[in-house]
Amino acid sequence: GHPFVLLSGPCVIESEEHVITMAKKIKKITDELGIPYVFKSSYDKANRSSIDSYRGPGLERGLEILKRVKDEVGVPVLTDVHTEEQAKIAGEVVDMIQIPAFLSRQTDLVTAVGETGKVVNVKKGQFLAPWDIDQVVEKLESTGNERILLTERGASFGYNNLVVDMRSLPRMRETGYPAVFDATHSVQLPGGDGDSSAGEREYVPYLTRAAVGAGVDALFMEVHDCPDDALCDGPNMVRVEDLKGILKQAQEIDKIVKR
Amino acid sequence: GHPFVLLSGPCVIESEEHVITMAKKIKKITDELGIPYVFKSSYDKANRSSIDSYRGPGLERGLEILKRVKDEVGVPVLTDVHTEEQAKIAGEVVDMIQIPAFLSRQTDLVTAVGETGKVVNVKKGQFLAPWDIDQVVEKLESTGNERILLTERGASFGYNNLVVDMRSLPRMRETGYPAVFDATHSVQLPGGDGDSSAGEREYVPYLTRAAVGAGVDALFMEVHDCPDDALCDGPNMVRVEDLKGILKQAQEIDKIVKR
Amino acid sequence: GHPFVLLSGPCVIESEEHVITMAKKIKKITDELGIPYVFKSSYDKANRSSIDSYRGPGLERGLEILKRVKDEVGVPVLTDVHTEEQAKIAGEVVDMIQIPAFLSRQTDLVTAVGETGKVVNVKKGQFLAPWDIDQVVEKLESTGNERILLTERGASFGYNNLVVDMRSLPRMRETGYPAVFDATHSVQLPGGDGDSSAGEREYVPYLTRAAVGAGVDALFMEVHDCPDDALCDGPNMVRVEDLKGILKQAQEIDKIVKR
Amino acid sequence: GHPFVLLSGPCVIESEEHVITMAKKIKKITDELGIPYVFKSSYDKANRSSIDSYRGPGLERGLEILKRVKDEVGVPVLTDVHTEEQAKIAGEVVDMIQIPAFLSRQTDLVTAVGETGKVVNVKKGQFLAPWDIDQVVEKLESTGNERILLTERGASFGYNNLVVDMRSLPRMRETGYPAVFDATHSVQLPGGDGDSSAGEREYVPYLTRAAVGAGVDALFMEVHDCPDDALCDGPNMVRVEDLKGILKQAQEIDKIVKR
């Protein structure tokens, strides 16, 4: 068992400056702790609850910014795509491409992402059982790409609520691929604020320790310097000043679990 | 309250001949019963569980066939789309465009379908609460399109199971738009057969009568002359020889409810 | 298929006078509609959310009052019990004994109720699958009692919410015993008001019509002349002035379904 | 934060000899690890799925055996009760009394257990939200008893399945009372074998580490020397030879979390 990797950044690219600042802050923390770090941010939030919500700078400008993060901060970068075309274009720039949970059953998108040859991170749909991911894996493997990560981000539990079934982490690892725990989307209350999702940021440390206790290969955690002013997912993002404490504790648990 | 409309056909276009035959058979039944009828079939099943499953004839050939149904059988036609491009192209041919449940939060697809000006049928995602559909409606209305149908097709209920919350029908009608009950996808057991979805066809008549009792504006029901040999969704499709009986009973209940 | 029976009354015995008045009002309605009627009320609400809530007049006084209803109003009576001793004592007075949902797996209570020889109404636990009721039926049958009713009152669906899976009605009827739909507890939001359960009375007519459409042998419906002042379950009880309209529509649907 | 306590033993008292042997084996392990240990076993399984299942030696004989465990092995003992009378009688012998999950809303049982003055362990019902436990706590506190433990044992998740929402552990601790994680009932598949519950023993180590990561005050874990031959709950009980490894890892995580 390798120590866990961190996939982290602000939910959406708010500005070039903000993204660079955040990447540097997070890199400083992960360097101090010796945690491998991949920067994550979205250029387009394509499934916001409301049509009036901020979506991001778009593909072209977003990739320019992600490239600058990569070059200037010196970290691999991850972003999510929503169409086959975006997969191809994003694959020219980023190191890891993410398939959003709602889209995790769209065969053409899944294979288009696989065909980029980049590392693929699939978010398991809120409507899927842990073993349903096996079919998604087969779709990816059909492209010859075996650089796959499988992410738990909560399952539908009644209305406007998600629950993390920690059994899903060992079950997904049975595929032979690494399992990621998405600590910040797992505490979303989807649609919980009527025209946007609410969130329970206060549970992130508990669920992170629990998931690392169950056993994970990577943590996914959206982080912001001022979540209350964030343009997306504020209620569930972690404050950057809390990140180090959360990771440190997780790291110690991880060592015990993987000994 | 108008009597309910029927949206019906085989899940996927298996061949030109099959589709024409099915459309004629269903039309004969609905003509006898005096039920307005819209033919439905998919040119591409874009989110099959397994990569090895049959997907359909594709957009171009599929639309040719749907056009022939329209001209030859004399019924309006409905199909589902998975990308913005498909929405535009399909909108040239079909009368009603459907947004698949998994894609019901994808803003660009939703607005692209709205912009065709065609009647839009949104399947409510298995991960959405009934009131979450309000935001989808707003996205559609932002395009100026107010010809909207809202479909209940079951909500996630544990793993590999769906439950129909009949409260969702009156709740969705509070938007002012018609509510549709999808009687055949509501009895799916998603992923229930490992590499494909299982289904409980035997419950279709019960759930149909229940939904019509709760109050609906349309029924969606996939029908096949030989479901056990169907190329998609066999376990939950209704046998064409059972259709008339189901509809007749539903029609009588509908009259009482809407009196 | 016999026409449905009605099990109805105020949730809890608030006073002798109130119960007699309510029984007469409901009997008048069911007589007019020709619906067989069983009066229901509880002498003790043994599982209120809060310790401060009203519980009822208790077993002894409650049974006196129920006896008076029986004699004076001329209707069979139903009440629920919570211990083996209560089952024996209540069985001397009432015609039908109900096993509460939370207690539907307590073997000794189930068999004690069976042994009274009275008609038994089991509420299916919120934590049970429809087929789990088969084992409860076997427990009852082991006592030689085969006068059994099986009631759907909603299944746990996330937190503080229930969902009615209409498939449960035909599935429970496969046991060969009658299925009852509990229209008023099915719209409870358990614990939804913090120290008591909330409810969505407005959905009772929709769910009643849906259940009758799916097919039921009896309806269970708690009714009050002034639900907002009721000492228990106010938010989900039906106003007595709305009862006739709901039943009439249900009756017409029932006729179609059972033809 | 004190290190966690272990509540453990075979699900049901199979024989005096078996119980003594098991208590000694478990005590040896907890002594070596320095974990405070309370022996648990049931004298009566009062809510078995099937009427034909083994229930135990009964109250009187069961308490004799538990007393012998207490005297001979030198450990405090815990058992569960199902009626008010049993609470009083059991309270004469045992140190800790457990309220079963299905009965966690029965006011009279809850207060009867409270009135024994013994330590009370409430299993949170599978149908309760974490915050619903606040009302149960109030019922117990009304008796003057403030020696309360609150146990998570999974919430209903669709049919024949439970899910552990790890958020419930910190949420229940907000009451000020200790939270217990029941690692073996949480992996039950209720009714999953038709006439008995199935279980996924293989997930016990994962969920235990997860719960300790989230933060617990005690672990509840049913243990058997030969689970496949156990008279109750075999599929989810832990093999006694696996206990030490599970506890050791949990202990190390516990230290980190409580530092």
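Labels A, B, C and D are assigned to the chains in the order they are written; within every chain, residues are numbered from 1.
Everything that follows uses one rule, which is that contacts are C-beta pairs under 8 Å (C-beta built on N, C-alpha and C of every residue); 3 or more make two chains touch, one makes a residue touch a chain.
What you see is a predicted model, and the numbers here were worked out from it, not measured in a lab.
What chains do chain B and chain C have as common neighbours?
A chain counts here if it touches both chain B and chain C, which gives A, D.
Quick check for you: after a Cα superposition of chain A on chain D, what is the rotation angle, between 0 and 180°, in steps of 5?
Fitting chain A to chain D on C-alpha positions yields an angle of 180 degrees.
Pick same or different for copies chain A and chain B, depending on whether their interface residues overlap by over half.
Copies use mostly the same positions to touch.
Using CA atom averages as chain centres, what separation in Å is found between chain A and chain D?
36
Please work out the Cα centroid separation of chain A and chain B, and write it as a whole number of Å.
33
How big is the gap, in whole Å, between where the Cα atoms of chain B centre and where those of chain D centre?
Using C-alpha averages as centres, the distance is 48 Å.
Two or more other chains in contact with one residue: find those residues in chain D.
155, 157, 159
Using the touch rule from the top, collect the residues of chain B that touch chain A in their complex.
That would be residues 46-51, 55, 82-83, 102-103, 105-108, 111, 125-132, 135, 138-139, 142, 155-156, 159-160, 190-191, 194-195 of chain B.
Which positions of chain D touch chain A when the two form their complex?
155, 157, 163-167, 169-170, 187, 200, 203, 206-207, 209-215, 249, 252-253, 256-257
Over in the complex, which chain D residues touch chain B? Could you list them?
For chain D paired with chain B, touching residues are 157-159, 161.
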